[in-house]
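Handing you a structure now.
The chains carry the letters A, B and C, assigned in the order they are written, with residues numbered from 1 in each.
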Amino acid sequence: MLSVAGLHLWRGERHVLRGVSFSAVPGECVLLTGKNGAGKTTLLRAIAGLLDPEEGQVQWRGASARSTRDEFHSELAYLGHEPPLKGDLTGRENLRFSIGIRRAVSAADIDAALTRTGAREFADRAVRTLSAGQRRRVALAGVLLSGALLWLLDEPTTNLDADGQQLVATLIEEQLGRAGIVVAAVHHPLTLAGGKLTQLELGAR
Amino acid sequence: MKAPALEVARLVAARDLRLAFRKPSQLLQPLMFFMIVATLFPLTLTPEMSRLRDAAPGVLWVGALLSSLLALEFLFRDDAQDGTLEQFALSGQSLTWMLFAKTCVHWLLTGLPLALSAPIAAVGLGVPAGAMWSVVASLALGGFALSLIGAISAGLTLGARRGGVLLSLLTLPLAVPILIYGADATHRAIVGMEIAPPMYLLGAITVLGVTLAPLAAAAAVRIGLE
Amino acid sequence: MATWTWFHRLASPPHVYGFARRWTPWIGGAAAVCMVVALYGGLVLAPEDYQQKDAFRMVYVHAPAAWLSLMIYTTMAVAAAVGLIWRMKVAHAAAAACAPVGAWFTVAALGTGMLWGKPMWGAYWVWDPRLTAELVLLFLYLGYMGLRAGIEDPNKADKASAMLAVVGVINVPIIKYSVEWWNSLHQTPTVMKMGKPSMDTAMLWPLLLMFVAFALYFAAVLLIRLRAELLRRERNASWVREVVT
């Protein structure tokens, strides 16, 4: 359902992505591994459509992701290095706005997602007062709420304790169980209980 | 079920308003800047009211322009830094509408208060009381057009070196028509003439801005986010 | 289908480079010839203006420079739009190459305007609507070049400045109109009092020829700069290595 073919991308001088190709079917998780600077973040952003590759194509459901951009984005949840949260709003308010612009969500839905990621207890404090790990839990609740089929996660376990890391693995497993696709950039390989797991090493040359 | 466009705009506006009122002191800064700039002119030119009255349209409009430029930096900066602007671009919804909503709120919080408080500065520049309403109206309309055009430059300079200065340099030539018509309207009000002709032209620019600028701003932001 | 081949060739850096290298000497030569003839026609052959005497001859450099500064901005914007829509690197390179040339023409127009103003009005600067609009155009050029310089990533710089050029070109008529409006309110002295129709033929043909000469000169300089841009941008490509050795 997701296919990346011959992606070439330069960031300034550097030829960061050199003909990256892979595909993913529902229920599959693709782990991107590689050293710092290998291009994991760049690849995720290119798939999301935030960066324009010089060559190559990203296809979603058989159509070019760029030409069906809005439909593609409505089925996509992207979580970058920094959780995209407004510091002056509470976790709950953040989710109400960031998910609300995508689809209608009820307060109960938000509550359920926050509980699932263990963020409910601090959901009503301003995000700027939360620790990095707490913010990530709020952001993960956002990914859950988006109802997206494709998850693009950039180092999702950063700043999380052992429980948190297990949570991420479980959430990914559940997403795969829903016939979703996950592409995640990780430093240490994740172990998943179920679902198809593929690894793509970047910067191997 | 994808959220409808109007609901999206409403949510973005509600979010920005809520954020602004959590840090209300920030709203006052452009206003104070405007007042200080308006004060500098009598200090550097002359305290003679009749001569200040001649210079009043220029002082008011240049002051308004400079404080708008200052305020424009805040339009996208915070959202770009914490990644929420990126999420807007990835939401599958019309970025054009979202940015239009942001620009409107930005004007409500900076351009409009500036226009409403202009009479205070205008009094110090010898502007007659009868002209005050026109001063406010022209600054309000011009301020809105400025916010619309400024959104484009703000998007283009996201992540650029010395983005703040660059934003001002890019916006100034584009703002020349707004300044000319706006200052003319203010001048006519002061001497007691009809302000309709320049106001219509200012209105025409604003209408053009409303139809085209948010589109350009959305394209600019997508480029700026790369 | 032949048009598509032509279009594809236009998008290919080595092809454009070859084209530029072959044609530059011819275009440059034609520009030089036209310029000499036009200057002779304007400075020697044309009769002196009954009001301004010989001072009016400044128009032979001032007016074509001003027209060209506008034409180059439009060319730059068109190249930028082509680069954005069809994602052609060569188009972006062309736009980048246009900017400094256009800016210099604007400076030339302003400079000759000032030199003209001195004998006419005794002052080096008058807020003539054309001069004022030229000044704003200069700021537009400087803003474009400033934006390019301020963005690190070359692709992003290309796209952002392209967007700016397109927005700018839409604004140029609006700016011109507003400056003329402002001028009509304040009745400032105008530098160039003669309109084209009222000009004597003997005065007119050198003016038009000079415009052609400047346009050819711009084309030659653009092609030279474009070659340099292409070499710089594609320096890691194999065709560049072949060209350089």
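The definition used in the following text is that a residue touches a chain if its C-beta (ideal position, glycine included) is under 8 Å from a C-beta of that chain, and two chains touch if they have at least 3 such contacts.
Predicted model, so just to flag it, every value in this text is computed and none were measured.
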Note to self: Count the C-beta contact pairs for B-C and for A-C, then tell me which is higher.
What the structure shows: B-C
Next item on the list: Find me the chain with the mean Cα position closest to the mean of all the protein Cα atoms on display.
Entry: B
Next item on the list: Give, as an integer number of Å, the spacing between the C-alpha centres of chain B and chain A.
Entry: 36
Next item on the list: Please work out the Cα centroid separation of chain B and chain C, and write it as a whole number of Å.
Entry: 32
Note to self: Just the number, please: Cα centre separation of chain A and chain C in whole Å.
What the structure shows: 48
Check: What positions in chain A touch 2 or more of the other chains?
Finding: 52
Next item on the list: Give me the residues of chain C that touch two or more other chains.
Entry: 152-153, 155
Margin query: By the touch rule stated above, which residues of chain B touch at least two different other chains?
Written below: 226
Next item on the list: Enumerate the contact residues on chain A facing chain B in the complex.
Entry: 48-52, 70-76, 78, 80, 82-89, 93, 97-98, 100-104
Notebook entry, point to check: In their shared complex, at which residues does chain C touch chain A?
Noted result: 87, 152-155
Note to self: With touch defined as at the start, can you tell me which chain C residues reach chain B in the complex?
What the structure shows: 136-137, 139-140, 142-143, 146-147, 150-153, 155-156, 159-160, 163-164, 166-168, 170-171, 174-175, 177-179, 181-182, 185
Next item on the list: Show which residues of chain B lie in contact with chain A when the two form their complex.
Entry: 1-3, 7-8, 11-12, 14-15, 18-19, 22-23, 78, 82-84, 86-94, 98, 225-226
Notebook entry, point to check: chain C touches which residues of chain B in the complex?
Noted result: 152-153, 156-157, 159-163, 166, 169-170, 172-174, 176-177, 180-181, 184, 198, 201, 205, 208, 212, 216, 219-220, 223-224, 226
